[in-house]
Amino acid sequence: MANKSVLFKIKRQASPSTEPFWEEFEVEYRPGLNVISLFMEVAVNPVTRAGKPTTPINYDSNCLEEVCGSCAMLINGKARMGCSALVDNLEQPITIEPFSKFPVIRDLQVDRSVLFENLKAVKAWVPIDGTYALGDGPRILPQVQEQAYQLSQCMSCCCCMEACPQFNESTGFVGAATIAQARLFNMHPTGKVLKQERLAALMGDGGIQECGYAQNCVEACPKDIPLTRSISDVGGDVMKKAILDFFRT
Amino acid sequence: MASTAQSTSSTLPKGVAPLRAGVGNSFLWRRLHSLTGIVPVGLFLLEHFLSNAEALNGVGAYNAQVKFLTGLPFRLGMEIFGIFIPLAFHALYGVYIWWRGENNVIDYPWAGNWFYTVQRYSGILVFAYVTYHIWYMRFAGVHLVDHYDASFWKVQHELSHQLALGIYVVGVIAASWHFGYGLFLFAAKWGIVTGKKAQKRAQAAGIALSILLMLMGLATVYAFVTAEPQKKNPVWDQHSESAPEQSRLIPQSTPSSQAR
Amino acid sequence: MATTTSRIIIVGGGLAGLSAAIKVAESGAHVDLFSLVPVKRSHSVCAQGGINAAKNLKGEGDSTWSHFDDTVYGGDFLANQAPVKAMCEMGPGIIDLLDRMGVPFNRTPEGLLDFRRFGGTLFNRTAFAGATTGQQLLYALDEQVRRFEAEGKVKKYEYWEFLSAVLDSQNVCRGICAMDLRTMEVLTFPADAVIMATGGVGAIFGKSTNSVVCTGSAQGSLYQQGAAYGNGEMIQVHPTCIPGEDKLRLMSESARGEGGRVWVPKNPSETRPGKQVPEGDRWYFLEDWYPKYGNLVPRDIATRAIHKVVHEHGLGIQGQPMVYLDLSHIDRATLDRKLGGILEIYEKFVGDDPRDVPMKIFPGMHYTMGGLWVDSDQMTNIQGLYAVGECDYSIHGANRLGANSLLSCIYAGFTAGPNAVKYAKSAPAAPDTIAASFEAERKRQLDANTRLVNNQGTENPFRLWRELGDVMSRNVTVTRYNDKLQETDVKLVELLERYRNVNLSDKSMWSNQSFLFARQLQNMLQLARVITQGAFLRNESRGSHYKPDFPERDDANFLKTTKAFFAPDADEPRFEWEPVDISLVTPRPRRYDSK
């Protein structure tokens, strides 16, 4: 175990308008290391493997428990969370890159605000009348709660979008996360009131129709959210709406 | 469009656009593309494979089936509106879909992603193959509406070229896969089959259908290749004075087909 | 926008900040919401177990009074009682509201809210949504705020760092000075009132269960601007954490709530893996020492018991500072249903399946009971400046009960929001010098930036931070000795001195995270002194604050709130003590071994 080390290389970029470049690092191995703790080591000793002084790595992170969705990046080519990527399970040298389908801010930081815009577009909320006292919430059976809870664990990490071959600048596809959230709120006894609006939004350009059912989303999702199931369910709902709109309006 | 950090948004590259709620017709076109793949194109494919499989029953049976089909009423209308237009739409819009997808199966070599990729490339293959196939079988050479009895010979003659045989084998496999798996995709995307287990079953069924069609198609090809070589009847090169009544429904053969 | 619309700035987008934002936006005032991270990624997501409210749906005769009594008793009577009572009374209404917002709370077969039992109470009072209650609550509020955002009532400034408050010549808060984390631009923002909701101070202890952004920098900055800091020494150490390289991950109290048992092998030289140690060779020391509450004693008691077993009895697992938390006697289906999420955390980050083998855990820094001093309106001693949630000192006294934090965040936000709006309407007119005040504050912060980036020293800020974390974790957590605390303060002074020699390896002015961290470090160091000196001065044991040399609670001398003020000339804290409001329940000895 002595002198064992961890080798990794990072695709870095100083600013949105500059060219990316690679830097290689080596840190001492310890059991239980994850990708984020590698970055922490670099911050304490910002020197490349070749001995060249460099800058600490810029990356988004917060909870480090895989619930906040911050530290998503490409690790050995795959979209995943840096905090739950254990060095012991990764092939070395570990390659670490920023997401490829979101604008790079700096190093591993990217702009994922498109997801929050999408959540606005599908009105992903329960439109309550107000926060004043209005008594108990609706009764919900445990089975329904369990379904909702699965979907409600989406932490907006955008792994599903990064891994999706259809999520790109030419399609402007909304991505699985937003569709699953639309399903979540359509399922809620009160949230349902906006169901038709949500479905209509998802029938706009970049909507659910752009899904190619490669099913990468559900494989990439760190929280095992039933994303393809959601796409199919909402897919049925939009078809029903389309047909009813055609015959009944 | 980024609502966050307004002051920086102007300096950032754009990235993928947010959902355009309520904008555009892509939903209609994309769903129509999906639908046309099943009806009528998929249905026609099934019919076509079945009809061709008559080759397994011999020259006479095959030619009789061609006679039956070419003799159907409103054949031209059915051809144009039931086959050519939907097929052309499905093919051309399909190329557009293929062009816009960003294949990433190298980074994410998962089954669904492989199938996604294969669906796109098989579509392109089928498009190329069908264009060639229609040209040679429907428009070029001996005109089968005029000379149904030349049908078996024409196919066999075609398949006697090594290259053409290869193209047919690839075309049959690609078309079979594209339709069988496409049927599953249709069921999944339209919300007909939604659950995980049910989708597994549907996917298996789609693939099974693909394989069935492949076997059927390849058996048909095999039947043509291994049957006793047919001889060309010089009459077939003549034009349609002696042709059956219904053949007048179709336009006169083109000069180029006469030349051949 | 109409000129009559009040503008409220909220700093921090966790549960408390979003609660305040919702109330403010609903009242018609405009919200400018500042956050270091997209608000949906705030630290509130980490809360696992649940949220307390005496809904009394289990036929146990629970009441808001019992909840109140448990809370002040659990906090060892250091909390002012009126706000605690108000919070407990608001509890059931908050649960109903969250339920209406769509939080997927676990349900009974009848479709009603399910409740579980948490530490420090005998009632099933904790509503929960799987094992990620904090995440679910935060998302519900985030969604409501997104709705207000879409309506133009809330404007979010995500990836912005709060640097300081802008105070006028009368010391009234008139806005904030903040820095865009991407462009590094420093700007001031005027407001009629400012609500701070910046969470805990975990990073001061190096590794903790807190998120990366929980540095306490904002509180440290305000403290240096004159805000009083209350009960800084009250730091909760969570008994059950998973030791990790980058942080300590929480193993929720719900693991004990659902039947988890804490034990060590009776034989200190036991070599068999936990699963293979027979029942007779295990010592369930919590059940042994506290038969009534068993494994569900409050956090401080459990923490000290684990420390005692490991350090005094020498019974840590294979000589390591760890004990077993065992769920493997419960069937998988039940565990998956009730604790699935938190068990996955262990599985994911350790690699063992806690459904099969007992987990290895040890106490770690978890929660900041102390914080900015506030009155019952949640206003700090700086007029126009409010504080809510973990960054304020109220409610939890000397120790927080499990599942009370989420409630206290929402309570504080719901209290401060309307109060800030009310205050904004009647706030004194700004003096003529106000523009100069804004400009001066901006200049002060720009100068600090220039100084830091041009510094030509030898110190790496991340190394200083490691030293800070080590000394604070070692001396200012579970067990406190005065000599060690003095030693710690000397070390902190040394670190502050060395901080002047910080040299940044990254001097760029675009999204420079190490620059930001170095800025925060100075505030953290100042606040660390408040915590350490506060602990030194409190010569008693109360709640989470435990001094073996003063093992008893001393109400005669220390039933008082510690208030720390920054003395700029001395560059160190100055302390005052304020009597605690005990108007509703008379303090009684806090014992969980019998009651």
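As written, the chain order gives the labels A, B and C, with residue 1 at the start of each chain.
Going forward, a contact is a pair of C-beta atoms (placed from the backbone, for glycine too) under 8 Å apart; a residue touches a chain by one contact, two chains touch by 3 or more.
The model shown is predicted, which means the values in this text are computed figures rather than measured ones.
The chain with its CA mean position farthest from that of chain C is B. Ranked by how close its C-alpha mean sits to the mean of all protein C-alpha atoms, the top chain is A.
Chain B and chain C have centres, each the mean of its CA atoms, that are 63 Å apart. For this pair, chain A with chain C, the centres built from the Cα atoms lie 27 Å apart. One simple way to say how far apart two chains are is to compare their mean CA positions; for chain A and chain B this gives 37 Å. Residue positions of chain A touching 2 or more other chains: 105, 113, 116, 120. Contact of a single residue of chain B with at least two other chains is seen at positions 3-4, 11. In chain C, the residues that reach two or more other chains under the touch definition are 38, 149, 182.
Residue ranges on chain C touching chain A, taken from their complex, read 22-23, 26, 37-38, 40-43, 45-46, 93, 96-102, 104-112, 129-130, 132, 135-136, 139-140, 143-144, 146-147, 149-150, 182, 211-213, 244-247, 249-250, 341, 345, 348-351, 414, 460, 462-463, 466, 505-506, 508, 510-514.
For chain A in complex with chain C, the residues that touch the partner chain are 14-15, 30, 32-34, 36-37, 40, 43-46, 53-56, 58-70, 83-84, 86, 88, 105-106, 109, 112-113, 116, 119-120, 123-128, 130-131, 133-142, 145, 148-149, 152-153, 155-156, 185, 188, 190-191. For chain A in complex with chain B, the touching residues are 16-17, 77-78, 101-105, 111, 113-114, 116-118, 120-122, 161, 163, 165-174, 178, 200-216, 219-220, 226, 228-229, 231-240, 242. On the side of chain B, the complex with chain A involves touching residues 1-4, 11-24, 26-27, 30-31, 97, 99-104, 107-108, 110-113, 115-117, 119-120, 185, 188-196, 199.
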